[in-house]
Structures are given as C-alpha cells and as structure tokens.
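Both of the next two complexes hold chain A, though its partner changes from chain B to chain C.
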Partner chain A sequence: MKRTTMWTAVSAAGLALALAPALAQESPFAKYQQMTAEGSPVELFELVGEELWTKPQGPKNVSLEKCDLGMGPGVLKGAYAAMPRYFKDTDRVEDLETRLLHCMTTLQGRSPEEATQRLFGNADKPSEMEYLSAYIAGHSRGMDVSPGMSHPKEKASFELGKKLFFHRAGAWDFSCASCHGEQHKRIRMSALPVLSDPKQAGPIVATWPAYRVSNSQFKTMQWRINDCYRQMRMPEPKFASEATVAMNMYLTVTGRGFPYSGPGTKR
Partner chain B sequence: MAGPMKMRATLGSGYTDVRVLMSHPMATEQQTKGKPHFIQNVTVKVNGKTVIEGEISQAVSRNPVFSFRLKGGAKGDKIQVSWLDNKGETNQTETAVA
Partner chain C sequence: MNRRPTMKRTLLLASGGAFLLAACASGPVSERPKVTSGDLDQVTAVLKRDFKERGQAKMDRVNLDEVQRTCNLHKDNPPASVAQRLEQAQLKAIPFPEGSLIGNWKAGEKIAQGGRGAMWSDKPGAAAGGSCYNCHQISPKEGNHGTIGPSLLGFGKTRGSGPDMQRYAYGKIYNAKAYSLCSHMPRLGHSGTLTPQQIKDLVALLLDPASPVNQ
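What follows is the complex of A and B.
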C-alpha cells in the first residue's frame, strides 16, 4: 500500500515537470527570488520610515520633512533614483544615507556622534537609517536609475570608486573584483554579479536597499559596502565617507538606466 | 507595542484578492529557549462577519505576509484582519475593497 502511494507521488511529480518545461529550465535560484519577492514585508519598513520622516527630533525638535534630497526641500519623488549626486550646499557628492546624515545634523541639530550611534540595526530593532532608506527609496519605484554624472566632483567620485573597486589590499589581498569580477561565481546560494558589467550591475542597483529574507533584516547600500569590506578583511570604512560614497557612485553609474524596482528582497 | 500592518484588497471578477502584511517577531521555542512569541490566531472579517478563523504556528516566518482569495465581494466592502499572539497581544487593520 505504501509503495503504491509513493509511486503515485513520483509519477505526479514527473507529470508536473513535463507540464511545466519553462519552470524546469528556470534556475531554482530565480524561482526562489521570485517567491521571496512575493512574500516581501518591505512595505512595513516603508510605513515606519514615513513615521520617522515626519517625527520631530533632535535639539531643534523638527522633522526631516524639509530635507532636500536633491529635488528640492521635502521632495521625495524620484530623489533616490537620482542619487548619488553632487550637492551644492555641502560641496560634495552624497548618497542617500550621507544626505540624511547631513539633514539630521543641520535641520534637526543633532550631533554626528548621536546620529551615527546606531547605523545598522538587527531583526529585532532596525535602525533609523534603514527605515528611512526604505521609505525614501520607495518613492522612486518605476523611475530610471540616473545618478549625477555631469559635475566634476561627480566624475571624480566615479573615478575614485572605480579605483577602489579594483584595489587589492588587506590580509587576504582582496579587491571587490576578486568576487565581483568573474562570471558565474557564487557564495552558497548567492550568485555573485560582475559589478563592472552594466548589465549585471543594473538589476542590483535597481533593487537596493533591500530586505534580507534569511535574517529578516532591512539592509542599506552603506551597509552592503561596509560588510563587503569586512568580508574582504579590510579595515572598516567610515560611514558616509568619500570612499563609501565613491564606491556607491561607481556601482550606480555602472548599472544606471534600469527602472528602480526596490526596495528589493534578497536571499 | 505592535508594529504596523498593511493590507490591500482588490476586486476581480467574482472574487476578492487580499494581501496583508504583519509586523511580528514570530520567535520560536528553540530561538528563545522556551519563551516563544508568535501569532496564534488570524481572523478575517468582511463587513463585520467572520469568514476565516485561522490558527498559525511558530513555523511561520518573522513579519509574515498572507495572500488569499475570497469568493465574491464588491467595491467598498470592509475587510478586517486581526491577529492574536500567544502573549495576548493583538493588532488589526481594515481596508475597503478597491
């Protein structure tokens, strides 16, 4: 009796495969990514981010609603898709988190020490930057990723990022390109995209920041860069530094042109 | 304090698709060394009438997302989803079918 049941199950599975050749050809990783995207709780992070954006904080007790993300004070639509970019008031290139830090210290009057106390959160308590990134990035859905590329400082930032991407250093003599410079590499289930290739960098920059299913955490681009340096056993890069922004600039410019579809979902 | 919930209810031809997101740690017995914290009951009401009374377990992930299809429905119908966890905490959200 048991044997009969088993054979039925096997033939049913065989039939299902035969009926869905497209599915069988698709990589199991792509299927997994699609399933996690369907169950993504990213919108919950956007809701909390909205609360934080409008919540008065700091010594000046004001919200971030007047923060200029490049499209004018308080304009969120398309702001993330146009970053990193040059900002005249600070005379430097900034990515989203760098700009948020600027608004926290100027508009809200918070000290850089206080505002950077807890940059990367965990599953139980995500950070303010993570919530805010989710909320702001969500306002760029469907808009082409088009970072600033005209100002001399934007060009210089791209060039610096490119140098850093290929620069080997640290205890393991690694560079970003050691993992992200060759086709078909992966770490466990994570395919490693060749990030110097526009076609492969595009879908990546169009989906960060993102929710990580495996540890239920929302992760930002500054975290991604920070953690890549940790994985390469290099000294920890400073948050919102010229180097981390340049790295983000290099990746975003390389992968520009894809419609932004984040905040995404990662393994 | 319970985190936010979010829900969408969209009308199809003869059915209503509902997608609801809940913030919850959904901590298992093993993770917490015997002090689990998870949603036990999920209740779905349409215009005040209960249509689903579901029981879920620790096996469901953190920040769960549920999608389901209800028979029938009309624009403006009020869908209400609430949960109750093993510590007696509860939360609910309501939306009109669009």
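What follows is the complex of A and C.
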C-alpha cells in the first residue's frame, strides 16, 4: 500500500514539475529533492506516531501523553525544536529519543531492554521510536531550532560533541570531519554538507528526523549518527548514550536558528 | 495535522539559496579545537563507555595508535620532523611482495567499486571492497565518483608503470600514512581491509597500460 502511494505521489510530482519549469532550473538533485518532497509519506508516520503516543502500554498500561519533553507534561508544541536540552529530573542532557526512552521506562514502567529491543525499523516495519519522532517533531514546524545552551551540562555536551566530531579513530582513521569537514566534496554523487558550518548544518538539523526515499524508511537522528559511525568502521554507539546526545547537541547548536521544517524527505 | 501548505514546502526545498539567505544562522564555522593529550584520553574513555563491539568492529578500534594520536594532537598538520619520523616507520612496516606488483585491472575495477568491508554490518572474512570510487575519479567509464580525493584519471599514463611507480602505488594503497601522515585516506592494507592480491589488482587498475584509467 505504501509503495503504491509513493509511486502515485511521485508521478503527480513529476507532472507538477513539468508545469513549473521555473522551480526546476537548478541541479537534477534539486529537482529530485522537490519530487521526493511532494511524494513523501511523512504524514502517515505522523499519524501512526499520534496513535502510539496516546496508546496505553507497558506494565502501568498508560500512554505517553503525560511525558514531559521539556515544555511541561504532554506539551508537544515546540518541544522538539528546543532539544537537545538539560532535564532536571534525570540530571542529564537528552535528545528526543533519549527522552522518549526515559518516559517509556518511567511513565509506562517498561524495562530498558524491552523499550530498546527494536530501535531502528525497516521499510516493512518501522520502529515505535521512528513513528513517535515523526509525530513529535511535526509539532515544531515553523519554530526556530534552539537547543539548550545555558546549563553547564548543555555546554559540556556541546564541547564533547565538538571534540567527537573532529576525533579521528577507528580502523579507517576517520572522524566525522573526514567527510563533513571540507567544502564542495562528494561521496560518489552525494554532496556532503560541512556540518561544522552553521549555514550548512542549519538546513540539516531543521529537517531531521526524515523519510529516506531511496530505501523507503523513516530515520531518526540517533540512527543517522549510528550509521555514520558504522561507515567510519567504528564500533557501535550505544543508543541514547552521552556521546550520541553530545554529537546531536554539537550539530544542533551549530545549525541553530533555522525554522524547523521537518520531518524532512531525503534522497 | 498542522501541516503547512505544500507549495511553501516545495519552494523551500527547490530554492535552497533563498532558504539560506532567509535564515538567520548564528555563529561562525567552528574550527577544529586544539586538543591536548588529556583531551584525547577523555574522548577515548567516553568512546569506551558509550560504544560497544558489534560484529567485526571490536572495541580495540577506539584505541589510538601513534599516527592517529599525532594527527589529532596537531589538527592533521604535525611538525615536519614528527611527520617524517612516523611516515618512515609506517613505510618500513609495509610488507612489499616480491616481483611485479601489477595484478589484474579488471579485478581491480571491481574492488575499486566495492564499498563494503570492515564495517560491523559486513560478514567477517568476506572479500572487501576498497571504496575507491567513493572519493576518487578513476576510470573514465565511471561517472559516479566522489571528490574527497584527487582524480586518478590517466594515473599510469602520466607517471609510467615501472618498478618504482608500482611500489609507490602499492605502498600508498597499503598505507597512505606512510607518504602523508595525516592523509584522509584509510590504510587499506595496514587495517587488514584489503589483501595483498587485491592491492596488486588495484595497482593494475592504476598502472596497466590496458586499464581504462590509462586510455
């Protein structure tokens, strides 16, 4: 069903493209991006995410509706755009998925093992985290990305993330900057944003989490960081660890100030 | 659903330039921070705590060797004397095979195309690729190439294919750090990603007069 929806939407987008040549005069990639945005099934993910947010689950059989994402229990509007941020109750900096995990294990009484059993989904079966991320991020559209930058732990998280970004290690001696550190570079045909550059990091953090057309999957920022480390030939970062949140913090602070326009659609 | 109009979304995505101008991003490009030996130890300790082994990607990969430590400490630009000493040590450790280092360029082309190998998602022991096209232009027949490394088009044609050039090409692929200490290029032989025969095949792709690289 999903695939049919996609193709119909993509064809429709193709038609729109033909009718709007002025919009399509940039690179083939801009055209492709435009088409994929038109055909994005992001709304479907947001709808399922809403169901999961309100569905009673876990030993306590309660929903996540009282989860405090930083704006007060159950407040969704603008919550994602203000993350990562420091949370007093856990005394740590958390990004969206880290915070969701906290709510699942406290509010719903689920075990960390159960809640982290299937963090990254696939095209056939997306994960609960992915659906929820789509739903919650969608409530920040139009709001400026403004992560926490005042608490000492927020500052420390940013500084750690910056060090991690430039730290070369692993079997292939890579750092994040090996690919995302120089202007106008590509891997194969994929343009590489310089993520230490606010102008380039901005549109990136303003559009994650995102739907990837190439594999029909909805992906979160925790996944994005995880998959970069996979390709860097490093061991696997633990989900919601301080290191992954710090990396997210570094990228988000660097790219702050852009209006959130996700969940996005990527190639 | 609080979705904004589709047209607005289209405009935003289609006109990246205008999007950038409209936004008020905040700070300058963040420079690579100057780190001390203590900082490196701190980051390594964080990696040990927050990462876990998976498949063939074991935790020993977070330990820094002297090359990585030096490049991190000097932001990839160590003093010449330090760089030379370490480059020579890396060069000395390359086990150059005897005889011709030119293998089969057709096999080399396949290895250059392949992007798998050394990742936790790769089957241990399965033949790896060199990920060469990810960063380099190599054969003129492959337009889908990256630009992080220099173009290698006409590599053998312009440099010749004698024993010295074979040795250089083999050594550079085996351990790029032996020639430029903080090169972006992975040490494909030294890291155990590619076998000596695979590296010879890549040397052939670069140097063999029959290779499309040199047409």
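Note that in this section the second predicted complex is superposed on the first by the 240 of 267 C-alpha atoms of A that agree within 3 Å, B and C clash if a C-alpha of one lies under 4 Å from a C-alpha of the other, contacts with A are read in each partner's own complex, and residues count from 1 in each chain.
Quick note on the criterion: a contact is a pair of C-beta atoms (placed from the backbone, for glycine too) under 8 Å apart; a residue touches a chain by one contact, two chains touch by 3 or more.
The shown structure was predicted, so the numbers you read here are calculated from the model rather than taken from an experiment.
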Exercise. Who contacts more of chain A, chain B or chain C?
Worked result: C
For this session: Please indicate which partner A:169 is in contact with in the superposed arrangement: first for chain B, second for chain C, both, or neither.
Result: second
Exercise. With the two structures laid over each other on chain A, which partner does A:43 touch: chain B (first), chain C (second), both, or neither?
Worked result: both
For this session: Tell me which partner A:221 touches in the superposition: chain B (first), chain C (second), both or neither.
Result: neither
For this session: Considering only touches as defined above, state whether A:103 meets chain B (first), chain C (second), both or neither.
Result: neither
Exercise. First (chain B), second (chain C), both or neither: which does A:123 touch?
Worked result: first
Exercise. Between chain B (first) and chain C (second), which, if any, makes contact with A:134: first, second, both or neither?
Worked result: neither
Problem set entry | Shared contact residues on chain A - chain B and chain C | 38, 43, 47
For this session: Write out the stretch or stretches of chain A touching chain C in their complex.
Result: 16, 23-24, 26, 30, 33-34, 37-38, 43, 46-47, 138-139, 141-142, 160, 162-164, 166-174, 177-179, 181-182, 184-189, 192, 194, 196-199, 202-203, 229-231, 233-238, 241-244, 254-259, 261
Seminar exercise, completed: As the complex stands, chain C meets chain A at residues 1-4, 6, 9-16, 19-20, 23-33, 35, 39-40, 42-44, 46-47, 49-54, 57-59, 61-64, 67-68, 71-72, 75-76, 118-121, 133-135, 144-148, 177, 184, 186-187, 191-193
Exercise. Which residues of chain A touch chain B in the complex?
Worked result: 38-41, 43-44, 47-48, 123-124, 213, 216
Exercise. Residues of chain B touching chain A in their complex?
Worked result: 3-6, 21-23, 25, 61-65, 67
